[in-house]
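Dropping a structure here in structure tokens format, bear with me for questions.
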Amino acid sequence: MILHILNRPPSSSLVYRDALAAMGEDDRLLLIEDGVLGALTAQIRHFQTIEGRLFALREDLGARGLEGQCDASVQVVDVDGFVTLSEEADKTVSWF
Amino acid sequence: MPTHAPATGDLLVILRHAPHGSSWLREGLDAALVAAAFGQAVTLLFQGDGVLSLVEGQGPGPLGQKGTAATLDMLAMYDIESLFYDQVALAGFGFAPQQLQLPATGVEAGAIAPLIAGHRLVLTF
Amino acid sequence: MRYGLLVEGAPYSSQAAHSALRFATALVARGHRLESVFFYHDGVYNAARLAAPPQDEPHLYDAWCSLHAEHGTQLQVCIAAALRRGLLDPREADRHGKSGHSVESPFELTGLGQLVDLGQAVDRLVTFAP
Amino acid sequence: MPTHAPATGDLLVILRHAPHGSSWLREGLDAALVAAAFGQAVTLLFQGDGVLSLVEGQGPGPLGQKGTAATLDMLAMYDIESLFYDQVALAGFGFAPQQLQLPATGVEAGAIAPLIAGHRLVLTF
Amino acid sequence: MILHILNRPPSSSLVYRDALAAMGEDDRLLLIEDGVLGALTAQIRHFQTIEGRLFALREDLGARGLEGQCDASVQVVDVDGFVTLSEEADKTVSWF
Amino acid sequence: MRYGLLVEGAPYSSQAAHSALRFATALVARGHRLESVFFYHDGVYNAARLAAPPQDEPHLYDAWCSLHAEHGTQLQVCIAAALRRGLLDPREADRHGKSGHSVESPFELTGLGQLVDLGQAVDRLVTFAP
């Protein structure tokens, strides 16, 4: 399992498409920084193909006042969860 | 309420970036505040990801980064009361106008060109 | 586990340095070892010794120095990326005939080879980009 | 010719940025060259706007900026011969594989995951 | 007439949509830096609505080896032409 | 006409400074006057006096200085953006208790008010962003 990390939102950047195209069947995607905008219910359609493997960083949602709007299908993790995800992965790949 | 923007003035600042992810929003707001302090008539347009600057409930970052919610509360003090936002972008994030932390006017795409035409100088951040 | 971080965003301009510092603190707290932070692209600006941020904002430069002091994490700065951006330690300043310097210990100017080495030495290399 | 990428190695460098507009491409290529000089098996994947790095006829910028075309010619000297590109992206810019300045293998989206899995370290630029 | 200046390509950034949305009927758009990727025939559909008012900077096309692929509907100008466009405009607005 | 430029990209990292310099040269050649270049956001890094780019690349710092010397163009750097990024002139270094400085004449640290003034004073203000 590879952990992909994405810090840009699908509302303004198309890098999420390259990230999704590069993901294997078991890989996970963690949304951080402005990337968490993609975790909103109104934006979640962009990540349909990886349902169940999508994560978002709680601290970054919270600072933006978005925690309540995060889609139920997204697994919200704090920074310790981020570290755990990186432990469980064979490696990480950052997309920006 | 959607409306065609009639605003004119000296400076239009267009804010296209979300809070926290970069310093664009803060630096754009700083430019607006300084221009207002210099007596200019300043209008703000929140466009694209920038509309999220207006959302209620923002806080500091995990290292204590200030964010920009507090700066927005200062706009009125500086007599910056001409605030517009891209209503398509706000809806695209699933937010309703009632969820904004301060009163602003929603505009459709067609209202942005007159806004730009109505100001002597336009800065985008 | 042994970790390395690659930081490519300028401080304050993007959230990259903030995210990297936060992640660094968390991984050390979980018992991992953070061998080194390698600064590349605009990340090299994190090494600017004269940084004077407002007092009510995080002091990123000092935070990197604390990371080094408390956990022995190396702070490696790509020399090629640094020189063109005006980040010179006393030795490079001398070599280029300039007075004064903008980078000093615990940050060290080093080649990209150190990034390659780091990638081999650690179990996880995590990139924080702008 | 499209193929599923079988390449494995120590380092995969993914280049997603076009030449000249930013230093990402040059800095990514520099990392690849140094890793190769250190004896690592290096693979390059040109993805998205990065595929334009491979196009023939690039030159210096108007101030004399070097660009990266010359660096690409050095890859073979450093034994970096495992070159892949995103064929959908190349077609999206209207280029045919024959218009590339050096031999590289086109890959479909499905071939990128195995490429990433096959390398110990992946750096994106 | 307002001169809009765009330095990001539609292949990776969506800022072009905000720029187009902000253009008045007589406004012009100049593509510079990586923005010139949008001037390629294979990308020109993104700028259909402003046909005849789209410009691209020759130096930036040339450095990227793209001058030959630039769509015939695009008016290619050198840096002097860029200055002229700015003279003719009431003001400029930069999108990035 | 009277022009002003607003430069917001770091040198070498993005093309912004290159584009601005090229545009500056062209507009002066056409008989216009370039009053000032204002550096904001990561554009402030253009003022780093120790920049030592490779000899086969454009020396952006020197090019800005030439623009000032030949055409009297002011090189104004937003002080708030500069301080947090480690760009201090001797006076600010002293005020912050730091030895050495990273910015010097012809670049001048100044407030955002100067950008506002510039916007009022010139016929055209053109922004070059990263």
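The chains carry the letters A, B, C, D, E and F, assigned in the order they are written, with residues numbered from 1 in each.
Keep this in mind: a residue touches a chain if its C-beta (ideal position, glycine included) is under 8 Å from a C-beta of that chain, and two chains touch if they have at least 3 such contacts.
Computed from a predicted model, the values in this text were never measured in an experiment.
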| item | value |
| --- | --- |
| Third chains touching both subunit C and subunit B | A, F |
| Pair of chains with maximal C-beta contact number | C-F |
| Inter-chain centre distance, subunit A versus subunit B - centres from mean C-alpha coordinates, in Å | 27 |
| Chain centre separation in whole Å, for subunit E relative to subunit B (CA means) | 26 |
| Residues of subunit C whose C-beta touches two or more other chains | 12-15, 22, 41, 57, 125, 127, 129-130 |
| Contacts with 2+ other chains: residues of subunit D | 16, 20-23, 48, 61-62, 65, 120-121, 124 |
| Sites on subunit E at which at least two other chains make contact | 7, 11-12, 14-15, 33-34, 59, 79, 91, 94, 96 |
| Set of all touching chain pairs, with the criterion as stated earlier | A-B, A-C, A-D, A-E, B-C, B-E, B-F, C-D, C-F, D-E, D-F, E-F |
| For the subunit E and subunit D complex, residues of the former touching the latter | 7, 9, 11-12, 33-34, 37, 40-43, 59-60, 62-66, 68-69, 79 |
| Touch list for subunit F against partner subunit D, complex | 12-15, 18, 21-22, 56-58, 63, 130 |
| Subunit A partner contacts - residues on subunit D that touch it in the complex | 14, 16, 47-48, 86, 109, 112-114, 116-117, 120-122, 124 |
| In the complex, subunit F residues that touch subunit E | 1, 3, 15-16, 19, 22-23, 25-27, 29-30, 32, 124-130 |
| Contacting residues of subunit A [partner subunit C, same complex] | 5, 7, 32-34, 59, 79-80, 82-83, 86-87, 89, 91-92, 94, 96 |
